[in-house]
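I am attaching a structure below and will ask some questions about it afterwards.
For reference, chains read A, B, C and D in written order, and residue numbers begin at 1 within each chain.
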Amino acid sequence: MFNKVLIANRGEIAVRILRACRELGMKTVAVFSDADRHALHVRYADEAYYIGASPSRESYLRGDKIIEVALKSGAGAIHPGYGFLAERADFAQAVLDAGLAFIGPKPSSIAAMGDKAVARATVSKAGVPVVPGTEGEGALRDDELLAIAPQIGFPLLIKATAGGGGKGMREVKFLDEMPALLKAARREAEAAFGDGNVYLEKLIDGARHIEFQILADTHGNVIHLGERECSLQRRHQKLLEESPSPFIGDDEELRQRMGEVAVRAAEAVGYVNAGTIEFLVDKDKKFYFLEMNTRLQVEHPITEMVTGVDIVKEQIRIARGRQLRYTQEDIFLKGWSIECRINAEDPYNNFMPSTGVLTHIIPPTGPGVRIDTGVYPGFEITPYYDSLISKLIVWGETRAEAILRMRRALEEYRILGVHTNIPFHQRLMDSHRFMAGQFDTRFVEERFSLESAQENIETHPNIAAIIAALVAHRETRRAAQFVRRGERDISNWKWLGRWERIRK
Amino acid sequence: MINVRYIATIDQVDYLVEIIDDKHVALNGQIYEIDFASVSDQPIYSLLIDGESYEAFVDRREEEWQILLLGNLYLVRVEDEREKRLRAAAGGRVIERGEFHLKAPMPGLVVAIPVTEGQRVNKGDVLVILESMKMQNELKSPRDGVVIRLRVGVGDSVEQSETLLSVV
Amino acid sequence: MFNKVLIANRGEIAVRILRACRELGMKTVAVFSDADRHALHVRYADEAYYIGASPSRESYLRGDKIIEVALKSGAGAIHPGYGFLAERADFAQAVLDAGLAFIGPKPSSIAAMGDKAVARATVSKAGVPVVPGTEGEGALRDDELLAIAPQIGFPLLIKATAGGGGKGMREVKFLDEMPALLKAARREAEAAFGDGNVYLEKLIDGARHIEFQILADTHGNVIHLGERECSLQRRHQKLLEESPSPFIGDDEELRQRMGEVAVRAAEAVGYVNAGTIEFLVDKDKKFYFLEMNTRLQVEHPITEMVTGVDIVKEQIRIARGRQLRYTQEDIFLKGWSIECRINAEDPYNNFMPSTGVLTHIIPPTGPGVRIDTGVYPGFEITPYYDSLISKLIVWGETRAEAILRMRRALEEYRILGVHTNIPFHQRLMDSHRFMAGQFDTRFVEERFSLESAQENIETHPNIAAIIAALVAHRETRRAAQFVRRGERDISNWKWLGRWERIRK
Amino acid sequence: MINVRYIATIDQVDYLVEIIDDKHVALNGQIYEIDFASVSDQPIYSLLIDGESYEAFVDRREEEWQILLLGNLYLVRVEDEREKRLRAAAGGRVIERGEFHLKAPMPGLVVAIPVTEGQRVNKGDVLVILESMKMQNELKSPRDGVVIRLRVGVGDSVEQSETLLSVV
């Protein structure tokens, strides 16, 4: 039985897992790249080992080095987090082959669910409904896909077989535009996963993206922890999640039915540990299996907030061979939780990623607010990894309270040094359609705008004008002072240096 | 004492701001009591104005001040009266500069260049696709023109602020 | 009905109340002194008004000015927080006289409970047990107190009639030392409250300090939200609180009995809004009424964590004339919560208060952690107000989980610029007696030591030696560089200046 | 290359620390691989030593380094070999200095002075009671001696580091 865990990840999720280990009295081992010597996961861990240069493929994707560190440090288990090596069956197998525990599912489950085509065929056989598409057809050529497309019907989606997170994904409205989009999708899939294979899938109109959290132990017990609403996405990247889903709401019968199907899907691959079944739900509440994420999900905290279950601790307990501490009857969703992903990107400039040193942070705190993060003042956001700065999570007795709480938390949040998407989330909280729960997966891209005028938000251009004038005035005055000082002692390079810095 | 007068322009609306003293400004002639302070030596400013409390993140980009206030971004041009007169005399038109230099907004890897040297492009056309922070970012042309001096190729790693190409 | 609230306080509690207002959609008005222009409550409020110089008596104790600001700004209600004007019946009356709502009890309740002697007489009449003492005797002279003392028996406590928070309090073991202690107590009471009157009270040996949170609406409904264990004190200042109390534990019968007595005590003064009944509990689980705090308590968050009730929001709803949203049957304590008060004081130097600019803060975050604070990096801790930097609150499914979580949170917490008592709390979490719940109100002062050797804590002097040597080495090397540079250009004052700064 | 050797003393126990290079130290002769860095330009130091991760707050007070590590405070005297030899030659005794100057550790109000000029005091006796941050703080004598140069009176406001009296 292991008592020391290596965390094969970085950023907020490495810190999250480290905390769970520590609270279970386990020793922790971190690994880090050049860019992460000062990262919080290195600072908070009991042990930390350097594994390579900043690009992921030279460090966090080096499964061989990571297993070597685990063996050297005496760690008995590896937790992969999400991303990086989390859904690589070969890595999971190598961990087991090295005599270590893998805190996650069996390699065979990862493999079965990792290939979208196999995944759909498997769950389909178990009676789980899937979205129409070419999932069962293997790796098809462009001409074959172009021939099948009209049978599926437009609009449809091109998706990467090895994919996830929206990479290698394209939406096709007409046959004509399909060849170019296939090319782009294959290129992106090749770059992201080293595998350019794609498949087609019917695009469900007005679709909701709703997922169920699963926990399964090694004793054959499988339960679900209710759903998460993940429809608010941009370029197929989730931006905001909530639990429960306002679309399911009080429809307890639908929740239980979807939950049971989710459990069945997990059982179809003999699933063990934590996982997530993603569904598309159409306007008539018909739901389709989309995929299974065979790992801890970014948005797991909202489920923790409404169920009271610490999912990461459960993962570790399961990996230690323990029975689940809950039965399905113990699980009910209390209150409402929302998560906003705070990213280093500029919402006013096409969500362009933003890098730099974080010079100042004031996180929102107080009742019902949780932050999961791996950054601190003085830490640098580099271009090597994703742009997630922190996850801002709130809990409220009702959805309305959760929204009001999120609104005040976003307003309190101060981050300087990079651009963030906080203003985007603030506008989203003000949106009447969001408040009413009336949105689907296309809402952010098609019906939402940062232009506050469209939503009748109160603006304060007069205050902005005054602040700008006051700052400009200060700067002019300060510059003038330096010039005058400079006149008195022109040899004093220091003032000139400052003057130049200010004018640049 | 002579007040310092500025014209702040937001979305083509002018606001006349007079700095009366440390504790007073006038906006379009109306006087307000203020208490204005920067916080923690950061570009965050706290403004108390007739008791109301506001806080803004302030950033300067070329000719404009960017004021992020309660989740809204305001682009403000601030000029004194002389500057304003000069610009008015010039017809108030924004004069398009000769060349636009496309700079990498962050370090990254060039994954595609959908344009070639000498090609005509329209405003909004994608010039370069740069991969950074696990995202493919489309860098677009801010104006119509012709692509010149293409300095990078697909597969190149580029530094932040490195000029990738120009549009003339 | 009011929609704008003035918060007559500062620091973490002003921010806490402001958040509740904002989440209820109420406008907020802050007041501030010279020292607090940059404070978080000023920055987060909708409006903020200057009310005077830094010393409290010129600003936060100026009830007249505060009411004036409320009227000027159109605030319909005043929330006093704790401390300052919170338990001043005359202020509460002046608020009502100005036509404003007071978010707290009636002035008559404050007055009745504010004078310890009247309070005891009142609740005694209602059948609530009280600690033996001179509470019913009015303001006695020293010779009278010296005569009565032997009848009460030693050890006993001298307490300030107008007091609270340990000020003007002294413990007497023998008659001989009593005259000097009376003098000291009266002097301190006079300085703190402008009232030098004191009374005597039997000191309960092995006593626990356990308090019950009360909520009462204007419709005659009074409920309690269970207890808080507050026995861990130093110089009668609470340092750490938890809910439930490990001493009551599973004794649901005792909890209900004490809760009913607490409700009865509140009803004895026609209590409305949130309040706290403090009890002393002896080894045999006999309990005595100690006093009632007629205000929001510093440690209210732990009750919020285990009951799910937002006490400050309830306070505001009650003040708006609403009925309580809970009956006694709705209230049960789920899991366990602990609060550590993080103070700017040096635990290695007799807990001497510490002032200065906070240069760097990394707060602990993640699951089950809540922080209530009013500070941020760049904020200055001044000598004018109390030394509370923040309240670190955790929740766990069990007491063991809460302790482990608090331990990891304390270890993560980074605050630079002032000394803090975090190491004290860390040692407390390691203490076997604390873990076992075996402590009384005298534990911290008599049986607890920061000397880790006493508790067989693992220490790392070898690591400390290496770090010290490395830092000393760096400093020597850096100084040497500056000297060499200085030699090249001795006129360069800049290097010499740095050199001097480093050597000082 | 000659290693730089320091003797670090904690609770009268000596630790011989040799700085070999940027990545190696020896403690009492045993060599460790290290990675040592300060964080965010603050006096926080992160030490990785043979893979173990430690972080300490470091402060200097007069002759000693204060190392706050995992909630424990270590007072460390660091000397090179020459300094150590000199001190040993002096008999290793800590020489008590001539005068102790009691300075206000923070701004505050003097509420009591239980001693008078010329009075003999013992180590631990209260010299001044200073009110600050709503607390009455007892400032005690660190040594036996006689009170001289009492510079403040009850009711005085004092600044941080102001000398209140001396003990000789």
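Basically, a contact is a pair of C-beta atoms (placed from the backbone, for glycine too) under 8 Å apart; a residue touches a chain by one contact, two chains touch by 3 or more.
Because the structure is a prediction, the values reported are computed rather than measured.
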In terms of C-beta pairs in contact, which of A-B and A-D ranks higher?
A-B
For chain A and chain C, let me know how many angstrom lie between their CA-based centres, rounded off.
39
In whole angstrom, the CA-centroid distance of chain B from chain D equals 51
Can you compute the centre-to-centre distance for chain A and chain B, using the mean CA position of each chain? Integer Å is fine.
30
Centroid from C-alpha atoms only, then distance chain A to chain D, rounded to Å. What do you get?
47
Multi-chain contact sites of chain A, meaning residues that touch two or more partners
44, 360, 376-378, 411, 414
Residues of chain D whose C-beta touches two or more other chains:
40, 42
Does the chain-touch network form a line, ring, star, complete graph or other?
other
State which pairs of chains touch, listing all of them.
A-B, A-C, A-D, B-C, C-D
Residues on chain C engaged by chain A in the complex (per definition of touch):
15-16, 19-20, 22-25, 40, 44, 301, 304, 308, 310, 334-335, 360-363, 365-373, 376-378, 397, 401, 404-405, 407-408, 411-412, 414
Name, in rising order, each residue of chain B that touches chain C in their complex.
35, 37, 39-42, 46, 48, 51-53, 55
With touch defined as at the start, can you tell me which chain B residues reach chain A in the complex?
4, 6, 8, 10-11, 13, 15, 17, 19, 25, 27, 32, 34, 36, 40, 42-45, 47, 49, 54, 56-58, 65, 67-74, 76, 78, 105-108, 111-112, 131-138, 140, 160
In the complex of these two chains, what residues of chain C are touching chain B?
29-30, 37-38, 42-50, 72-73, 376-379
For chain C, which residues count as touching chain D in their complex?
187-188, 191, 344, 348-350, 352-355, 359-360, 383-387, 410-411, 414, 416, 422-423, 426-427, 430, 450, 452, 457, 459-473
